[in-house]
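Following this line, the structures themselves.
After this come two complexes, each holding subunit A, first together with subunit B and then together with subunit C.
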Partner chain A sequence: MPLFECKHISKTYGSVVAIQEASFSLEKGEIRAVLGGNGSGKSTLAKIIGGAVKPDAGELYFKGKPFEVNSPSQAKKLKVIITSQELSLLTNLTVEENLVLPSIPRKGRLFIDKNAMKAKASAILEKIGLSSELGVLVEDLPANKQFMVEFAKSLLQEPEILVIDEITSALFRQEVEIFKNIVRELSAKGCGILFISHRMSEIFSICDSVTVMRNGSVIDTFPISEVNEDMLVGMLTAYKENIGGQTKENRAIEQSDRVLLSVKDMTLKRFGTRVSLDAKQGEVIGIAGLQGQGQSDFVRTLYGLNGHVHIRLDDKELQIDSVHKSVQEGLAFLSGDREREGTFSVRSIAENLEAVNSSALSRKALNQKRLLDSYGVKYDNASQQIRNLSGGNQQKVVIARWTGTNPKVLIADDPTKGIDVQARGDVHEIFGDLAASGSVVIMVSSDDEELVHLTKPLKNSRIMVMYDGKFVKTLMGEDITVHNIISASLPREGVVGK
Partner chain B sequence: MSMEMNIEKSAPKPSSTKMIRNKLKPYIPSLSIIVLLLILGQILSPGFASLGNIGTIVSISTVLAIAAIAQTLIIISGNEGIDLSIGAVMSMGALLGAVLSKGMNTEIWYTVLILIGIGIIIGLINGIAIQFINIPPLVMTLGMTSVVNGFALAYTKGLPSGGAPEILVKLGIGHLGPIRWMLILGIVLIIALELVLRKTRYGKTLYLVGSNRMAAIISGISVNKTVLLTYVIASVAGTLGGLVLLGYVGSAQLEMGKDYALLSIAAVVIGGTSLTGGQGTYLGSALGSVVLVLLTSVLVAVGMPPGVRVLLQGLILLLILLIYSREPKLRQ
Partner chain C sequence: MNTFKRKLLNWSSFPSLVLIIALSVINSFLIPHFFSMSYISSFLTSYTPLIIVAMAQTFVLLGRGIDLSVGGIISLVNVIVVTLFGQGWSFPSAIAVGILAGIIIGVLNGIVIGFLRVTPLLATLATTSVAAGAALWIMPFPGGSVPIEYVMWYQSNVIGFLPTPLLFIIISILIWFIWKATPAGLQLYSMGRDIQKTYVSGVPVVWIQFYTYVSSGFISAIAAIALTGNTGAGDPLVGNTYTLFAVAAAVIGSVSLMGGSGDIFGAIFGAVFLGLAFSLIYAIQIPSTYQDLTSGVIVLLGIIGASLMKKRKRTFSFKPSHIKPIGGNQP
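What follows is the complex of A and B.
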């Protein structure tokens, strides 16, 4: 009898299928890797097992009995524990307070037993090599140590199943070693472990078996000894490349060698890395990678949202010290988070259109009707509130706000998030036209397929893949395939720690 | 009321009729309440709707509507913007106006300039603390209330000297022909503020900044500049409003404008400005001011003892605010 079993579980969010008919089982003491790209469904799977998300269909069994939990706390009672990169720590409490939070030792009924708390915490802290941090507030710890505390917290709950979601990516090398030893120890005690990671070297050094996921489906599960890195990457990316066939020839302007935008050694604060980019006139650059590898950091820093930057634009050296300055110099930024960063929801379509042109740049009014019609925006009249439009139409208005000002560089951060396929195609077309008119378009997307779709039909285009705050690969022409993007997104040379 | 109906009837195209109706719609509740209160006042206390009494009501409403300039702009600017210091700033404006002008017409321009200067300083301090040091507007302007009151007390040593220059008194209670100067002032302010909000770059930007600060920043709008300017305009409206108050009352007293802080917030809410920012009109706030002043007048006219009156006034105010802050949700 397997320790844990999933049978045909499915989960959809609206029209997006996160998991489809996924089945697998985990034995006692087994260390199982779950491997998959962006949107493969691995994190949803983790949340379902942890009780945070309820599947729409399918059955779960734990020790042979149906596993029906409605909340993470119920899952915890059954000793099914999740530890993830979304930290569950309270940063204004000390390390030991956080560790014992799930069950606080008490004196009488009312008072916290501080000695018992310290004793309980210090044993585990010693094990994870953080004895010196007893009594320190979590907010004063560096990120890597916070992750170790998060991990320790899950250990204290004596898991029978432990789901580890991408926690190792923030750890240093020696911490990863400690981590591996503890995982092996847990497995020896009979705990089943699901290790969700994209780090091949870790998967191969501690896991017994690996489950490969793609597009919400479980592809297969293999003993680790029967696979190698190339086979795994091959399975992740076994993909029908049915897009980009309809290449539009001569879509872009004549090959231009003039560098329009140039950044040198720009620091990404969160990663402590430096990145450079030269973008030629008329070029469309897709930025790819696993989620959170610095793609957003890169474009936001470039736009001046993270403080002072130095760029070279249109043969001028510029010190960008505010977004206002970026906009004045011809940069434009389109966010996928429309609600928070795009629309002025209670204001009219007309006002939304003019936000950059007249409010930020004090230019003469745009020809609104022409702009809206050319993008096929469906609306009654321009004085109605923008929130009455569909998501796709809202985003087109926000795009028109920028294109109406003829920006030199359009930066887009996952701009088609949550809009329908038709509108998505329209957006790509607008980007292509903008590049054809001599601008640079830089687009981040977590959807590899979309990036291929955008860049492949264009002549002057490339995709740059980021990992851990650095550009690790550039793909051009025929090399632009989903397979190559995923393959470059996964570090294969055993890049462990920092 | 009859005027709107005429417009509707004589409108040439149905679409423009609809547009006008939509534009007037937000003001219909306030206008109806104003008419109802006037009728009620006249029934309970004959002579209430006389021209003289209405003139008085309009005059006090104009003073409140000046406080509502500050409140409207700041509330539209979003980010939980609110100006609790407006009452104290007006009180100080009245006090300093009396002291600086020494009650003489000849000193009035000098007094106005100094009060504008003080208004700019107070507005900058409020704006900088809120925008750059991230102190919540409620806390900052409440603190500023004490500071301003303390300053006024220290400067005048609690004994206001001077008085209201004749020109201010004339503005406060005088007439131009049959029309009160205060009515003219009120109408000029409504037109000016509506023009500023609808036609100027500052006004258009203010609505965007209030609607979504982050989207405004990403659009390259100078959010800091807009917010600072708003707090400065608010405080200058306060100090100059103090002069108008001085003219209407005829002499200065400590904390004579303190009620206007909360009343102006109520006027703005009645006027349909959303407390979450990004929406609202000044005409609405001005009508809201009239509603509030009328309400008090009716209660006074009925001859209610002061304690009961204040209590009743408070309850009615609560009721009105309750209805008005729910209305937008009900509409959706």
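What follows is the complex of A and C.
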């Protein structure tokens, strides 16, 4: 009898399928890697097991009994624990307070047993090599140590199933070694472990088996001895590569060598790295990579959302010290988070359209009807609230808001999140046209296929892949394929702290 | 730098302590006998209710809530105690019923906010009207009285030298220490920082919220008992001004409105600062038409001063900077 079993589980968010008919089982003491690209459904799977998300269909069994939990705390009671890169630590508490928070030791019935708390915490801290951090506030710990404390917090809950979601991504090499030893120890005690990671070296050194996921489906599970890195990358990227094959050369403007936007050694605060980029007039640049490798940080920093930056735009040296300044200088920013950063949901379409043009730039009103019609926005009249439109149409209105101001550079941060395929295609078309008119378009997407679809048909385009806050690869022309993007996104050697 | 000094400088309540010292120095020049025992005693007599109600507010603020009903509770408890005594109840049992009323409003807040998930601002805005409305219904006009022995006792010293109002403050501080010693103390700070993460860590956040409002109601009732000793009479509107001054005192004492940081001593210091400011205004005899303006400006300066010092402390912090590369590829 397997320790844990999923049978045909599915989960959709609106029109997006996160997991489709996924099945797998985990044995007692098994260390299983789960490998997949962006949007492969591995994080959703982790959330379902941890009780944070309920599947739409399918069955889950734990120790042979149906596993029905409605909240993370219920899953915890059954000793099914998740530890994830979205840390559950409270930064205003000390390390030991965080560690014991799920079950605070008591003296009598009422009071905290401070000694027991310290003892419990020091034992586990010694194990993970952080004895010296007893009594330190979590906000004063560097990221790698925070990740270790998060891991230790899950260990204190004595898991019988432990789901480890990308927790090793911030660890130093010594810490990874400690981490591996503890995982092996857990497995010897009979704990089943799901290790979600993209680090091949770690997968091959500790896991017994690997489950490959793609587009929300479980492709297959293999004993680790039967596969190698190339086979796994191959399976991750077995897409139909025919998408976006038809090159629309007529749309591309004459090859321009004029650099419109130049960024030199811009610091990405979260990573402590410096990045540079030169974008030529008419260029479309796709920014790719695994989630959270600095793509959003890069575009947001460029737009002035993370403080003062220095750029060279249209042969002018500029100090961007506010978003207002960047908008005035001709930058435009399109967010994928329409609800919070895109639309003013209870205001009219017309007001949403004019939000930048007449409100921020005090220019004369746009020709709204022409703009809306040219983008094929389906609407009754411009005075209706924008929230009554579909997601795709809302996003088109927001795009029109920016293109109406004739931006020099359009920055888009995952702009097609949650909108349908048809609208997606339209958005790509608009971006292409904007570039053809001499602007630069920089687009981040978590969907590699989409980036290929956007850039491949265009002549002046490239895809830049980020890893750990740096650009690690530039793909152009025929090299733009999903396979190449994924291959560049994964740290193949996977060695940390080298 | 020794540990004590470092701890003191990093203490969240430190800026408000500095403000108190600064204002005390100013007051000592302008107010005769400012440092005398009798002045301190009369200062405590007047401002103990504010000090205590600021503590009550702190419980709720730490959990990222707000309790606008504290003023209503003070009025209600005050009129209940005075009315029951007037109707021939023994004074201790009148006090007991008054405190019970404070707790009941607290429980009501706790249920509406904790279990029914209504926004604290709206919920307590409504319950303050309930409490203040009930106070007006019970006693439409100021009046009544309490035993003169109680007023005398409140305005004298206990054990020879300790001003009695301090007793009330000490009781409230004890409640705080009991809280801190239980798991709920830890859970309160964690909930104030991030309710979602706290929930995911298996903490019963709903109950913690509930307890904060009950504690706030209870401690506000204690403030009302102290106030009754100072005024010696009932007044259905007496609590009105306390609500926002309690919030202001807590903020001056570096209790964050965003929850999760600060402590009760900051609130005490903040309330003392306000008390010093008000007594300065009375002492230098500012015409009553300008009193509100002047006190408003001083409150504003206090809040600005406290938050500037907080920022400064961050800048010259002894802690390592928080911004660390998230990737592990640095040596």
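In this section, the second predicted complex is superposed on the first by the 494 of 498 C-alpha atoms of A that agree within 3 Å, B and C clash if a C-alpha of one lies under 4 Å from a C-alpha of the other, contacts with A are read in each partner's own complex, and residues count from 1 in each chain.
Everything below uses one rule, namely that a residue touches a chain if its C-beta (ideal position, glycine included) is under 8 Å from a C-beta of that chain, and two chains touch if they have at least 3 such contacts.
Fair warning: this is a prediction, and the values are worked out from it, not measured in the lab.
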Superposed partners subunit B and subunit C on subunit A - clash or fit: clash
Which of subunit B and subunit C A:Ile104 touches, first, second, both or neither: second
Contacts of A:Glu139 with subunit B and subunit C, given as first, second, both or neither: second
Which superposed partner A:Ile178 touches (first subunit B, second subunit C, both, neither): neither
Subunit B versus subunit C as contact partner of A:Val323, first or second or both or neither: first
Touching partner for A:Ser358 - first (subunit B), second (subunit C), both, neither: first
First, second, both or neither for A:Met266, with subunit B first and subunit C second: neither
Touching partner for A:Leu78 - first (subunit B), second (subunit C), both, neither: neither
Per-residue touch tally on subunit A - higher for subunit B or for subunit C: C
Footprint overlap on subunit A, where subunit B in one structure and subunit C in the other make contact: none
Residues on subunit A engaged by subunit B in the complex (per definition of touch): 305, 322-324, 326-328, 333, 335, 340-347, 351, 354-356, 358-362, 401
Subunit C to subunit A touching residues, read off their complex: 181-183, 185-187, 189-190, 192-194, 197-203, 260-261, 319-320, 322-331
In the complex with subunit C, residue positions of subunit A that touch it: 52, 72-73, 76, 87-93, 97, 101-104, 106, 110-112, 137, 139-140, 142-144, 153, 169-173, 175, 269-273, 468-469, 496-498
Subunit B residues within the subunit A interface of the complex: 201, 204-205, 207-208, 211-212, 214-222, 274, 278-279
